[in-house]
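Residue numbering begins at 1 within each chain, and the chains themselves are lettered A, B, C and D in the order written.
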Amino acid sequence: MSDAPQSTPASPRPAPAEGFPAAGNISDADREELRRHGILLTSLEELYNWGRSNSIWPLQFGLACCAIEMIAAATARFDIARFGAEIFRPSPRQADLMIVSGTVTKKMAPLVVRLWNQMPEPKYCIAMGACAISGGPFKQGYNVLKGIDRLIPVDIYIPGCPPRPEALLNGLIQLQKQIKGEKLTGPDAARHTRADLPSEYPIPAYGAHDLEPAKNPAVWTPPAPPSA
Amino acid sequence: METVQQLRDRLAARFPAARVELVLNPGVAAEHSLRLDAALGRDIALFLRDDPALRLDYCSNVTGVDWPDKEITDVVKTTVPDPAGGPPKIVEEKSVHVQPGCLEAVYHLYSMSLKHGPVVIRLRTGNRADAVTLPSLTPVWRSCDFQEREIFDLFGIVFAGHPDLRRLLMWDEFKDHPMRKDYVEPDDYEWEPTAHGAVLERAKAHQLAAVAGVVDPGQSSANPPKAAPGSTTPATTAPVKEAKP
Amino acid sequence: MTTAPDSFLERAPLELRDWAVQLLPGPLQWLAHHLITVVAILAVFGLFFAFTTIAERKLLARLQNRLGPNRTGLPKFSILPWHLKHTLFGLSQPFADAVKALTKEDIVPAAADHFLHFLAPVIVVAFSLMTFAVLPFGREYLPVDLDAALLYFFAAGAATELAIFMAGWSSRNKYSLLAAMRALAQLISYELPLILSVVPVVLVTGTLSTKAIVLSQGYWIFGFLPHWFVFTPWGFAGFIIFLIAALAESNRSPFDLPEAESELVAGHLTEYSGFKYALFFMAEYFGLTALSGLGVTLFLGGWQAPFPFLEFIPSYLWFMMKLIGMIMFFIWVRGTLLRLRIDQLTRLAWQFLVPLALLNVGNAAFWVLTTHWAGPLQLVRWGVSLVIVILPFFFLGRSLSAGYAPRTYRYAP
Amino acid sequence: MSCSDFNDLDAELTAFGHPGGSSVRAVHDQFHGDLLEVSMGPQHPSTHGVFRMVATLDGEQIVKLKPVFGYLHRNHEKIAENTTYLGSMPYTDRLDYLCSMSTNWAYALAVEKLSGQAVPDRAQYLRIIMAELTRLVNHACLVGFLFNDLGTSFTPLLYAFREREKIIDLFEALSGSRMMCNYQRFGGCRVDPTPEWLAAARTLVENFPRFLDEYERMLTGNEIMLARTQGIGRLDPAHAVNAGLTGPVLRASGVDYDLRKVDGYGFYPRFDFRVPLGAQGDTYDRYMLRILEMRESVKILVQAFRDLPGGPIMDPKAKLRSFRPKAGEAYGRLEGPKGELGFYLISDGTPNPYRYRVRPPSLINLTLLEEMCLGHTIADAVVILGSIDIVLGEVDR
């Protein structure tokens, strides 16, 4: 899981500028040091991120095999509830996280995008399993979307076929870390705070032979070949 | 239970107008089948279901098979006597003829009341292009309902008399019949970190294009570029954004 | 009636309020007095709501062999130096949820009736909070001492169901609409047994004032047995009917039909997001707390201690403990029972609860008429009263579950 | 009941549609109001995946219900026709992702029938052990999901998943994967279990009846459960047979048709077990049949552990590489947890099957969904769907 192609926030945190750093940019060690001297630091941003990262309610939305492992992650042995994320909301209006758990077929893809559009900001997406990442073993299928990230932005990728529930928990923890590191202002502000970025994505239509469009160029462009 | 051969004879006697062929299965399983005349297919199926000795009340499996046009090379050997009086020459004449393709629907029948089976029956279309109509056996066995719809969807056999013949698996606007052998699937293998050899092969054309600089490889999925998509909001469920935190 | 031990703990909150009030100039004092009361109720029950949610999640988890939320610590800027190592058993989870819900985007469907869609969560919270006004939380802790307190309570409580109907109707969502219809059917069916179950208490005490009802439960039989109404035949039956009807009124499992997750997605809440959803969530718990509080007041002796020697514990703590016990019961029910269907739900109300509650009113009347019986007659009184309750319960229950029984199965030869 | 009881009904079944029967009721008349069409799914908490039902409601009552499929159509058959016989084995895992061992076996059975491959004794026993363990997993989880549809807050499901985790652990220890076991081969099995594994499995099986007792004590006698399931979604045997329903759904209607007895595939004729039959064909019967079948499965497992012979687990003549069966065709089927799971294969002598077809029990068991739901409320529809037991990977393939 750790070597998953996790997309980290857009860029690493900028180094503290000259002078005293802003509250959000202080490391834990610095904070401990300051506390020892009687200085308590706080920021609204941290409270905001703390609340959001500890209260991630996923959309109750299973696609295929991985959905069973997603359920298993909610059961006694793994218990996703420990992270405050056991409230699987059936309505997208109340969900914060969409776990795309399984193969996205072309027939299903417009509906997945529609559900994503129906979710309120800030919202996050986990692509769980090989199929959601790239089509996985079913890549050669004529009705299989080759990765949900062609249509909506994905924050965390969890490889595996299907990933173990522990992997999903790790993905959730990674997502919590990502949320905790998000900025509200500045050039590397979080996606949902930027008015210039879309929160709704075009829903592909059922075409005569394929989806139209088959991919969303605003979200996904094919990277260069690995060893071109 | 009687053998397929006996059954064929009985059917031939019962339905003199129908052509019932015995299709031998050369494999180990030796599940021989009967190819029924499409025109009388439903009558024969009813007979099979209601005949007290057979009682094939359960149609388990219905599937389509695509047999595309096949080029067959006939080799005709003729012995030409040597005019010089030598040994006669053997001349091979090769001629290629196209065996016209067809679509087939295969039904596996069992009897739940007498607990025997299977009896395999097949129906064959005239060709693969326009004469693709077969009688639906759904009125005889309700279990054919979804399976015949699936065959219609994936193979393009039109079942006359089916009560609700729509596509089952693909969407309604879809034009092709993907399970046919000559189906060309859409080319959407742009970037493939995969071990599938065939997939890598198909992705190569796109990768060459990428190297040529058609796309900018510097963008990742988590950071969508600023270009906002056009007016593509859904018409009916478009939410009104009231506040953005 | 017992003499109230005027202990310091008992009086402390009042003294604090009075001290704060007398700091202000005279004309403002009555206003400050009431404002402080309101703010105190909001703060106490707001916190109570927060911890009820975490209690529910943890208790449900324990019922299912799980641990429940336990990782959410405090945010980094916490002043407690050991915040990094300790997670406080996840007790800060509701606050994280609150931060999240407050900052979540609010979506109103384009086709919705915007005004009603906005009004519904406001109404549901407002009315469920209003019901707190007449609950005696302790000996001296009754926000408003109304003569018709019970009438006021049910009038305010019924409005919350109306808000659910508004939410379902205004969302322009088919699931919400179905939920709204269910909510109305449920409201009409269960308001009646709920009120009828309370009538015996009114009959016996002769008052609608919650304060007086609590006081009338405040003496001990033989010096140690509490005289709570739940320990009388009519009281016990009334309490059970009240519990069932309260479950239905607060849309809790097994009567959570408007929000039937497996059928109607999220029911009337389907189109609500962000803070409005949180308001509904809050109102559900407020309604549950208020109904539990009423149950405690009417049947469980209110703020009275169960035994004389336990009276040193302040009355408001007793009230809270009983309240928590009731809420635990509701959570337990949610973790174990399955949901009724709408026709079974209404049938249970009309064919079982309403007749039983009506008979129970007669039972209470008998009890009042025979107050003067003593000695062996007292035993007769108890016997007759028990028969009036148990026989109809038995026969009505039989007719309700007629035709349903476990079956035996045969095997293939 | 023997099957003769409904044979005389056959004549009625000639016309398509709803031949008169107790399960179909006319529900709509002019006294009722406007109809409401609700599309349930593909994202709905109780459609068990991406299934979709378009229901037309009169109030809460269902007057029409059309299932819509294909949201998980992953082209299993097309992919299998483009790969080798063995290459399809991992894909069969993902057909019915709750019961990969059974699906593996069904495919291996069909290929063995196609190629005439023999299977050694030990492998036959191991296959039965795996298939019955899978049945336990499937039925226990199904009951949990069914109760979820009935409105419990996940509690029975989590108890079922507790047992599932134990069995899944065994599968993982044996095959290396929790869910996608890829265990069966043509002519045997892939891995031989160690004695420790067998001992652990035996302990689990011996303790399983205790779990079942606990489960039944929680669920079976519950009055709300009885009221919600008895008389709901009745299915009479004649309809069920004609619609090709199989598995517990069929047997709940009283039809004695269990492929383990009828076909006697594998070594099942050597085992002593009974086939429970329902009488009413309602949701309660379908639920109880699962419980009773689990008890019979435990009996089979105990016998299998007792009689497990030694020896090889693969036929020495079995070929895994360059496996080319003779031209021909075969239809192999077995009694999966959900019903008759069949594979129809046509070989043309090449390494790839010419035609590869899965006979999915989940899809065909849905044939009568509308008839079962008509006249009931929307709350019953989700329960009926839950009692049929579908897995979308198999419905849409």
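We adopt the following convention: a contact is a pair of C-beta atoms (placed from the backbone, for glycine too) under 8 Å apart; a residue touches a chain by one contact, two chains touch by 3 or more.
What you see is a predicted model; the values in this text were computed from it and never measured.
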>> Using CA atoms only, can you tell me which chain is the most central one in this structure?
In response: D
>> If I average the CA coordinates per chain, which chain comes out farthest from chain D?
In response: C
> Where the CA atoms of chain B average out and where those of chain C average out, how many Å apart are those spots?
Replying inline: 62
> If you average the CA atoms of chain C and of chain D, how far apart do the two points sit, in angstrom?
Replying inline: 44
> Measuring from the mean C-alpha position of chain B to the mean C-alpha position of chain D, what distance in angstrom results?
Replying inline: 25
> Once you find the CA centre of chain A and the CA centre of chain B, what distance in Å lies between them?
Replying inline: 40
> Where does chain C touch two or more other chains at once, residue-wise?
Replying inline: 64-66, 103-107, 261, 265
> In chain D, which residues are in touch with two or more of the other chains?
Replying inline: 44-45, 70, 73, 75, 78, 82, 154, 158, 162, 396
> Hey, what residues on chain A touch two or more of the other chains?
Replying inline: 75-76, 90, 107, 118, 121-122, 140, 142-143, 192
> Which bits of chain C are touching chain A when the two form their complex?
Replying inline: 57, 61, 64-72, 75-77, 79, 81, 84, 90, 92-93, 95-101, 103-107, 261, 265-266, 269-274, 277
> Can you list the residues on chain B that touch chain D in the complex?
Replying inline: 25-31, 46, 49-50, 55, 57-61, 63, 65-66, 106, 108, 112-113, 115, 118, 120, 138-147, 154, 163, 167-171, 178-179, 198
>> If we count contacts the way the header does, which residues on chain D are in touch with chain A in the complex?
In response: 42-45, 49-50, 70-76, 78-79, 82, 90-91, 94, 97-98, 154, 157-158, 161-162, 164-165, 178-180, 392-393, 396
>> Looking at the complex, which residues from chain B come into contact with chain A?
In response: 169-176, 178, 183, 185-186, 188-194, 196, 198-199, 206-207, 210-211, 215-217, 219-230, 232-234, 237, 239, 241, 244-245
> Touching chain C in the complex: which residues of chain A?
Replying inline: 23, 28, 31, 35, 40-43, 46-48, 50-55, 75-76, 79, 81-84, 86-87, 89-91, 93-94, 96, 118, 120-122, 192
